[in-house]
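Chain naming follows the written order as A, B, C and D, and within any one chain the residues start at number 1.
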């Protein structure tokens, strides 16, 4: 639809942080990379707006040592919607504020070179508890969708006998996978970790919230992460949880639906309240949200890394 | 009880930030100070502990331009409890971590020179909306006890017709004061803003959470603040809410129970989850929590500033 | 699809109670009837079933003095689903139990002669509080979706100054109508009165639950009623609330979306838990629920009674 | 305190149903009685009242085939509080309504001859599912504190593999006993089954609510019962749950704190909303609630029946 393309405006957003050029020289990380792949991630939002409304969106791929944003574009229609990019409010993310009082279409596309930091399970399992610094303490306390304050007894009852941080977080991931049914439509935007624990059903967001809440109840700093995901069926934004272990944030996906090495990280924070794809103030109603993620190079087949013996390390 | 005093250990904590010596020269602030007063704040916690437990406490007076900590002590019994002071995890606060596997007593005492920044209502009422930066955006989204995502319709219905940030936040404070009954024991540690809105009763914590949640629902960054309070009957820790207006954080106390110029700030954050006096992990049960605040200088009478025509500005 | 029609089985259900032949002789009631009309009500349910499941359905028109079921049929597909009609578990309703372990289609159709008991507002407004007997006391206490125990302060705050039962219940209906937005999709099956009070949006079910809960909090026995409704756009089952006043149950519809004299009562009870169209145990997922209601006599136009000056009296 | 005794008024309440004289002739029941005992049950309520208030109380011992009320008295102070006894609103119970606008003291005492119907486990374990009649269907649906609608997946996941009603209900009792900690003060009047499931702590009320909710989620009719309990430490009212199996209601006590043959039944209903010791409307605040239960015959020692091999059958 060329007319629409002309009517939209391409925003030259502030570039994401450049990749660390010298990174490959660091022997520890070099050892842990199994491969790199270029992925194309797209997101499209369509909102009916009937008055002055403000949107905060988390759609942009983060630039991190493991993830280099080669190209990206954000198109708005109508093109005169005010726009302001901000660093993340909480956690990491390239929060963008948009103001509109008419129907709004947003589309984002990025080409991202991903070289995920995957480690052998045996290595991660030996890491000690993370030292408690400012950045980690922020992730110890309950948040909107992760009422860890309610879950102390249950968490210690089920997982307190395990000794290491990785054993506890891994057992939480496995328990969620075994006990919570993945049911699209089985939850809603207000569903929290406690509701998921009761109802035993949810989607990736709910699985991640429950993982975060159970870890925090065990005094393990835990955060919620979102991103585009290759190989997810049906295509959608994905969410997982990350736990501070040793000097790292270790990723856990209790849904086991997306290969850990096919993720394009968009944001992380205390929970979905910090990293929502869209937070809208005012009279706006979502009509469509569509996401996709696939390899950028024609003919290249995405071969997920075996998940059983590798662990994904999240951005520091 | 000298025996106990000997058994405890006085921790020389890292000093709070020194007061800005040149502050008095700044004409804008000098104009807004009405007076300075030295206050003594004390807190005493007593916990039954039946196994390894970790405590995070927010008891220490903050050092800020308006609040200089002249002397302070933290005593633990038993004295060998491990202790570690950290900057606040979220917001501001001097979060302290303590580990103990036996019954624990904590007592804190500070002498604080307070020179609150009080402004005329007319001045604050004219301030525009705060620009949205990183520090403020963190306070726009829902949190554990402030489910602003549920309150959009109600907030716009009741307060959306008002035009300025101060008018909206002030009307929220007044509405809470008029509609929520102050009932000690009428809420519990899990009570959130939505529950308070339904039950129409609570304590300072609940009043502040509701204020925060309603402001955020209106797209006004809002945070929760706690501190010692002179003149509170019965003596207790106090809580209020603060809203980003213009270049400042403006304090609102919907309980109207404590003079705004008799507060010793301890912490602020997204809600009580970030600033809890105590967050305990493990088998610990509170037996007693006692707080007090009074003028340090014998014979000096605390005369609260008239609250109707002055507005307290929070720490930046 | 004739094959399907042949495959279904028509169940000759126990007849609803015969109309009271002598009713017209009672002067009080005769005076209050404005007109009678024959209505056709239909309901169609379609469930995907993947294992042994049991359904309890409330689809049948009640037979009452004001409502005579002239003809009705319930068709099931597959026809061998076990079926058992029971009087209502709570309140009134012709609860039917169905067992199936394959996909299930249910269709109901009835022709009902309705002669609603409509009274002038002035008459009802003068009725005193209902005496508390067994039947009414059942409707004083909180239930699944009507947490009246949480609403005492708010209810007395807003409506306690009004003196008569009708004034209080009428003010509750008007307050709900004015403050809660009718938003299809704005609530879900777990939404309760307190959630609706907070979110300020819902559908007929939520409006009725909130009305019930607020009345009970004021010590007024109140129940939830459902039925087919002429003139509802889009066509759906409808719900309203009824309050014990004097010797009667008085109907209130806070949505004001359906004419009170075009209703075909299906059930009433403590709330939607007692009167749910379908309560399913086991692996069943709803695919479609469709309802309709229109005048039975061709060419006859449905002219709603003016609602402002008439009050509908519910079945005793 | 004679003065007070004189000031109170003894209400000659309607007698509870007389014991079935011919009962002992029925061979089936005679076989199952192990012994009879006379118990004294007392309850004392003290309320601060600051305006017109209405109380509904469930304090009276029920008269049932297994439980004969030999003597009882209810004393009110002030004595002119209006009083009205009613049959239970829901379930069974001798609901009493009291109106007062000044401080109110209520004391109840009864001597009750109990001959509990205890059956061997092997007998009950063989009973089939209860046929679904009106009386049982009332107990299939969710209620205020038993949100069985939320618990379907969890209940089938944990208990669905068991085949008989007794096996399922017994496994639910055992699971609650093993997984929920009995913690006085660990819950509050608004705590529901789902909250208890999450928090893993509560008192007898919470244990019973969770048992009821899990049974209903499995399509087993279940009700909540309360009464005085011999041997409970500290003395208090007790609560347990009952499940329709075969032709009976079978009692289960997940707390295992009170001997099943030392109970004096007061009420049963859908949950604590139907059977609350006190439901107060208006400005009333509880100051004291004290209960006791002990053998009436001096020198007679209460010897609880072994609970592992006997099952208590509730009133039909």
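Please note the rule applied: contacts are C-beta pairs under 8 Å (C-beta built on N, C-alpha and C of every residue); 3 or more make two chains touch, one makes a residue touch a chain.
Since we're looking at a predicted model, the values are computed, not measured.
K.L.:
Of the chain pairs A-B and A-D, which one is connected by the greater count of C-beta contacts?
P.N.:
If we tally the contacting C-beta pairs, A-B comes out ahead.
K.L.:
Counting in whole Å, what is the centre-to-centre distance of subunit A and subunit C, each centre being its mean C-alpha position?
P.N.:
Result: the chain centres lie 45 Å from each other.
K.L.:
Taking each chain's centre as its mean C-alpha position, how far apart are subunit A and subunit B in Å?
P.N.:
32
K.L.:
Centroid of subunit A to centroid of subunit D, CA atoms only: how many Å?
P.N.:
Those two chain centres are 49 Å apart.
K.L.:
Among all residues of subunit C, which ones touch two or more of the remaining chains?
P.N.:
In subunit C, residues 150 touch at least two other chains, as defined above.
K.L.:
Thinking of each chain as a vertex joined to the chains it touches, would you call that graph a line, ring, star, complete, or other?
P.N.:
Chain contacts: single closed ring, each chain with exactly two partners.
K.L.:
Check the chains against each other and report every pair that touches.
P.N.:
The set of touching chain pairs is A-B, A-D, B-C, C-D.
K.L.:
What residues of subunit B sit close enough to touch subunit C in their complex?
P.N.:
My answer: residues 150-151, 153-154, 157, 179, 181, 194-195, 197-201.
K.L.:
Under the stated contact criterion, what part of subunit D meets subunit C in this complex?
P.N.:
Of all residues in subunit D, those touching subunit C are 54, 56, 84, 86-90, 95, 97, 132-134, 137-144, 147, 149-150, 152, 156, 189-190, 217-219, 270, 273-274, 276, 279, 281-282.
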